[in-house]
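Note that chain A is present in both complexes that follow, paired respectively with chain B and with chain C.
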Partner chain A sequence: MRLKSTTGAALAVAALLATGACVSQDANEASSDSALSGSGAGADCTIDETVKIGAVFSLTEAAAFAGAYQQEGLALGFEELNAAGGITYEVIQEDDKTTVEDSVAAFEKLINRDKVSAIVGPTLSNMAFTTYTDAQSAGVPALGVSTTAEGIPEIGDYIFRASLPEEVALAASIPAAKESLGLTKVAVLYDSADEFTTSAFNTIKDVLNEEGIEIVAEETFETADTDFAAQLTNVLEAEPDAVILSALPGATVPLVKQARSLGIEAPIVGGNAFNSPVLVGALEDAAEGLIVGGAWSAAADTTGNAEFIAAYTEKYGRAPDQFAAQAYTAAYLIDQAIRADCDANREAIKDNLGQILEYDSILGPISIDEEGEVHQEPVVQIVRDGAFTLL
Partner chain B sequence: MLEGYNTIITVIALGAILAYSFHVVLMAGQLSLGQAGFASLAAYTSTLVVPAEPIAGSISPVVVGLPVGAAVGAAAAFVVGLPVLRLRGVFLAIATIAFGEMVRVVVNNAEWTNGALGLRVDKWVTFDFAWIIVAVLAYLFWRLGPSRSGRAFAAVREDELAAGSMGVDVVRTRMASFIASGAIAGVYGVLFAYFFGRLTPATFDFSLTVNGLVTAVLGGYLVFFGPVLGAGFLTAVPEVQKALGLEAGWIHPLVTGALLLAVILFLPGGLSTLFSRMRPAPRRPGPDYAPLDALDPLPDRGTPIAEVRGLAKRYGAVDAVRGVDLEIRSGEVLGIIGPNGAGKTTLVNMISGLEPPTAGEGTILGVPLGSRPHRFAQAGVSRTFQHSKLFERLTVLDNVLVGTHVVSRPTYLRRLAWLPSARRDERRALALAWAQLERVGLADRAGLRPGALSYGDRRRLEIARALAAHPTLLILDEPAAGMNHVEAAELASLIRGLADDGVTVLFIEHNVKMVLEACTRLVVLDFGAVIAEGEPREVAADPRVVEAYLGAEAADDEETEHV
Partner chain C sequence: MLQQLANGVFAGSIYALFAIGFTLVFGVLRHLNLAHPAVFTAGAFVGIEVAARTAIPVWILLPVVALFGALAGVLVERIAFRPLRGRDDEHFAGLISSVALGGIVIALLQARYGTEPQSFAMDYFPDRLFEVAGVRVTLTQLVTLGLALVLMVGLAWLVSATPLGRSMRAVAENPTAAKVLGVNVGRVTAGTYALSSALGTVAGALLALNLGQAGRDLGASIELVGFAVIILGGLGSLWGAMAAGVVLGIAEALTIHLFDSTWKSMVAFALLFAVLVLRPRGLFGHVKVREV
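After this line comes the complex of A and B, so read on.
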């Protein structure tokens, strides 16, 4: 009896060992479903079958501040497209809880169980590095809406992004600020513990050199810091024309408030982190004079922007931010890619996402090249009387 | 066949492996939280050695990384353990957390690790690969449980002092569990990196430690499959909720948290408690064993087995023991009496290695004074404690089995290979333990926990455990305390029987009648010094003894009456 059960266990282990140590090499299944290709072209395209689009955002935990807006923006975009007719979209929303494990599991579910045509997300680049290799090897096009890290589009030909990197936005805001404010000397403050803000700092330095602007103070802090008195005192003594800040949302509010209460009157130039009505609300009076480089502006006169803001505010009871706007745009970009050949199969979407040229979106004219990288004009705004206005 | 569920299934396996690295330290009662550091070091190191192509065509290259990761984790644990394992409980936890943080900071700033951006590697770990590792670990822990080493782990967890007195090398056992934890954490790190294809310093942060600890505690560390249960539970609960349509963001964590709380509150041994009732009750081993035959013979009657000179112990300004000379000969029953605070327990603690003396020299069964307790135990000293120190979460039988530690051979490695000799050794230990239970009359309660025993039975169990070590010198510290007259008389006859078998007994007792009945020689201590020594009845009649001991008590009684 005992012998039998142990022999059985040993056999089972041996069998597992024999199969498991081998690496299975799955070939990409280039399956295509004829029901997902329709008739007509462009705006007249009609596809009978419902097109399933997966979405993976960080709806809970650390990155939920962005994920919630992204979910709403994307849902609004596809709702409008469904109302327009021709193609019916179904968004399958997953929450990655801001962890790599859940993000990978969500991608696997969308790819293998739900068999979606394309995936939007995830929220953070950190997860995208892992999940996008899965999407790439499964042959599912993925479109990032906030994955700004270097090297994301290079993961493969199925990987695209519609998210302007922080450093591009910051770099654009400096010449604009110089032009309108006549900057000659600035102070630079950045978060040295975060990879994005650090790499943005390097870009800032290069741009300042090119523009011939002198750096009179260079101060660093860490992501979790809450007291910036030492750095800000140095900045105050250097008497800069403007302060350039590369920080994550968490540190931005206390830093700007402390700067203003210490008596730093110079305009503060920041990146994506500033580009949110919530932030401006939290800063109250201290927000005045902030200069923000970003991918989208509520004040921009781009096609459909006013309608987007109105529809979003009505539906969700709060004003959209850049995350919402970029996710909203992603819905239209995917729609464009599908309508190009009137085909919602994965291959067709992949082929056509990389062909989008100067599409007139709420972010302005936007293009995605064959490598999957986004091209758009950054917008530079200044906060005046508590509202964003274009600089 | 499991299309679309690979990640979830693998995440369960990875969670179980991480939990095993906590399981092994918890088994030995250590709260070590440095696993994230070990995993991180192992994962990063493995990226240097794992080849880029499958080995021999189809074997996952991670098979190279696993032993390297395990070795790196084990080596790191050893180096960290040397200074850190002096600490206990919360202090050990804090020191090991600090180590984990150090690794994170170093990895974050090093060039070859690519700093905060992390590394990308190929995904060479499939879900069956991960589950094989879980199966191997479960096998290792399954075989560990009822082995000599497994019992040593349990004994150290339950009571380090008692474990040491039963011959378990406490320092080595703690170090072994710590190194095993490092090795398993290393394996986890490598598997994690090559399953997700990416590793960043942030992967191995404090939350990883918390996850592993929660999984291990939730699953339960008293049975070998606890980590698998814990990992399965923690992964399944959110999935089941999702399947039931509970989608709102805050409900998930709330329900998971509530279930976690319920398990911790109502199943203190973790989920595995549900299965522990399935264990068969211990049975009497077959009659084909004469366990005492194979044991070493005791020294001849009258041989000196211990001799100490000028033994002293000082606590600050208090002299607990002052210049005690003592010789113990084989076969005698030596009683030590004296008023409370006379230094009796301090004296036997020094003789059994629990406390180092401040002065004095001598050897006990050839072991110099001041050695660690397991050395004395291995030489043949076995003892009980004034306040019984039983292994409360082990059964009565398992308590006594720990006692056989010094007279059995290590069986774990042989058990892994199913060698018949290991089975023989285990049966011999069982027969030896069972014989002691019968000797003290506890055989019918072998399957109970000590907590279910009466006070007298607990003392008897402690004596059975001490006897299982086949001691040359048995030290009993107030064995009859709390016993009624019948029980005390039974105990006295047990002690005389032991002396007849050739066991030397040294015991501290307040029950004068029992001392006079059982002892062949009596030593009286007062204020840390020997005031009388010799034949029991003569000593009892010595006027100095009457004054110091009985007289003092009589004086106390008078005072009480006056008040």
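After this line comes the complex of A and C, so read on.
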């Protein structure tokens, strides 16, 4: 925590009070189950009782593009862990239909009825802000795999995330693109109706400033827009060296296609939304030269990545994307947290998730700090000959 | 600036195509068919699937899509409107049942195509870029605009100069009198829906071709603008819908050019509001609200 010294004392008192409140709440819950703590440690840990893990993803409606991959990635991760033995996991999957109401209902069910040890999800930060306060007050550890908005881990000590924020990904791709393409002036396009892309835009501006790159056009659109000809005309007239785009996947495909067909040939730099084989497939030739910052790359030589891609592709008949990779990693992170004390109770998982240090995952070495925030190196990729390659 | 005007005209031609199908049904039958956006979306998906399966060129594809649309239109009338005919709340009930039918259509699309957006293959309609007097236009945009004009003029001719058009105008004037005079009202109703939905599906397929992809929310994204176009043009007026589509398209493009996309909807709906206050019958509406 970064605190100013003047307010430090007051906040420390507040923090103490808050901790006290949590402890008494936990005592009320008293959900510790001795059957969930096993014998042995680390890789040799065995727990007799089946460990129930809840998963809440947007499997239908607006965010289904991500949720479906997350469900599959998470299921694959736990399947492998079950095969490895020692601990048996049961994933209880819920669909929040991309609405806050259903997300809250799903958390409620998993926490009170299914009595899960931990919850993975939800897909969108908008829902996490509500559901995570429920998880926090019930004392159930929650691990977000795509909840990248600012302020999520700050909700409480039971809240964690293994999802690289958009701004970190984009901030890494800009210097890389500058170095390889020699950018001096760029156009920035972003979705002004979405929190996630707007906050990324602010970071982009800062990074561009630091790098001494001039912004010659700054254009916005809204999440539901389908026609971008007017904005792209402004971009075209500004003649940028590159276009930096912060958009959700829904708008990305039509936007890039329209940009190419209107004659914008400059490279396009994007964030998490670009990081999907579906997107590259849908864009076909228009995808060539896209520069993408993200949490995971199919081309990265990280531990187990090739095996993950092979297993996923065989099981589901399509290549994984970043959402699948992050959810898959979440399964292993939870497993790590449980094996640390060989204890699958909510309290133990909460204590150990925040202690994960440089765990060697398919995303590369990944750490989660005590505040619940993820730390990992973003990867920067470029699309060449229809496939992602590291830049 | 000229480029932005051109952008507006292209966007507007799609709005107009969407809106004339909708306004035709209202003009003739006084039905507000809220399943129209779903049929529009279905047109895009069907177009993409037929193109992927058969690789037929676009000038055969669009008539195929129109045929599908005509069938869909007849079904919409049979399912959502005909069973309610003669009830006191016929119009209101039809509005609700068409909302329900629209929901069913979208659910069917999801069952068949999943939740991911579908796209035309990149090489399906190779796009070329033309530059005329400093304005860049793509071949797809030109085809869209040309087709929109042809379809609109064709529809206007059909309504004013053919026997079906005459029957439609008769039904619009007074269905009971038309029936007494020997007009087959059932057939005119079905024909109106078939025409309306054929236009809607073609507009959907054209929009998908322009955007590069279609999602299940394609219709919903244009629905509100489409309604604004209809009101702006004068409910039930074909020429009004065409003109208003272009006006709204240009207003949106200029807003983005001069201000920011955030203001786009505000300008569009402020325009709508102003027209409603200053000219309650819309730009082209006459004293008699209903016409074809």
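By our rule, the second predicted complex is superposed on the first by the 362 of 391 C-alpha atoms of A that agree within 3 Å, B and C clash if a C-alpha of one lies under 4 Å from a C-alpha of the other, contacts with A are read in each partner's own complex, and residues count from 1 in each chain.
Criterion: a residue touches a chain if its C-beta (ideal position, glycine included) is under 8 Å from a C-beta of that chain, and two chains touch if they have at least 3 such contacts.
All of these numbers come straight from a predicted model, not from anything done at the bench.
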Which superposed partner A:60 touches (first chain B, second chain C, both, neither): both
So in the superposed three-chain picture, is A:355 touching just chain B, just chain C, both, or none of them (first/second/both/neither)? neither
Would you check which partner chain A:129 touches, where first means chain B only, second means chain C only, and both and neither mean what they say? first
Partner chain in contact with A:50 - chain B first, chain C second, else both or neither: neither
Figure out whether A:82 sits in contact with chain B (first) or chain C (second), or with both, or with neither. neither
For A:367 in the superposed arrangement: first (chain B), second (chain C), both or neither? neither
First (chain B), second (chain C), both or neither: which does A:112 touch? first
Just to be sure I read the superposition right, which of the two partners does A:263 touch: chain B = first, chain C = second, or both, or neither? second
First (chain B), second (chain C), both or neither touched by A:104: first
Which chain A residues lie in the overlap of the chain B contact set and the chain C contact set? 60, 64, 193
Chain B residues touching chain A in their complex are 3-8, 11, 54, 58-60, 63, 115-118, 120, 123-124, 126, 128-129, 131-132, 135-136, 139, 196-198, 200, 202-203, 249-250, 252-253, 418
The chain A residues in contact with chain C across the complex are 60-62, 64-65, 68, 192-193, 219-222, 224-227, 229-231, 233-234, 236-237, 250, 253-254, 257-258, 261-263, 278, 282-286
The residues of chain A that touch chain B in their complex are 6, 13, 16-17, 19-24, 59-60, 64, 95, 100-101, 104-105, 108-109, 111-113, 126, 129-130, 133, 149, 193-195
Interface residues, chain C side, partner chain A - complex: 3-4, 7-8, 10-11, 110, 115-117, 119, 121-123, 127, 129, 136, 138, 140, 207, 210-213, 215, 217-218, 220-222, 252-253, 256-257, 260-262, 264-265
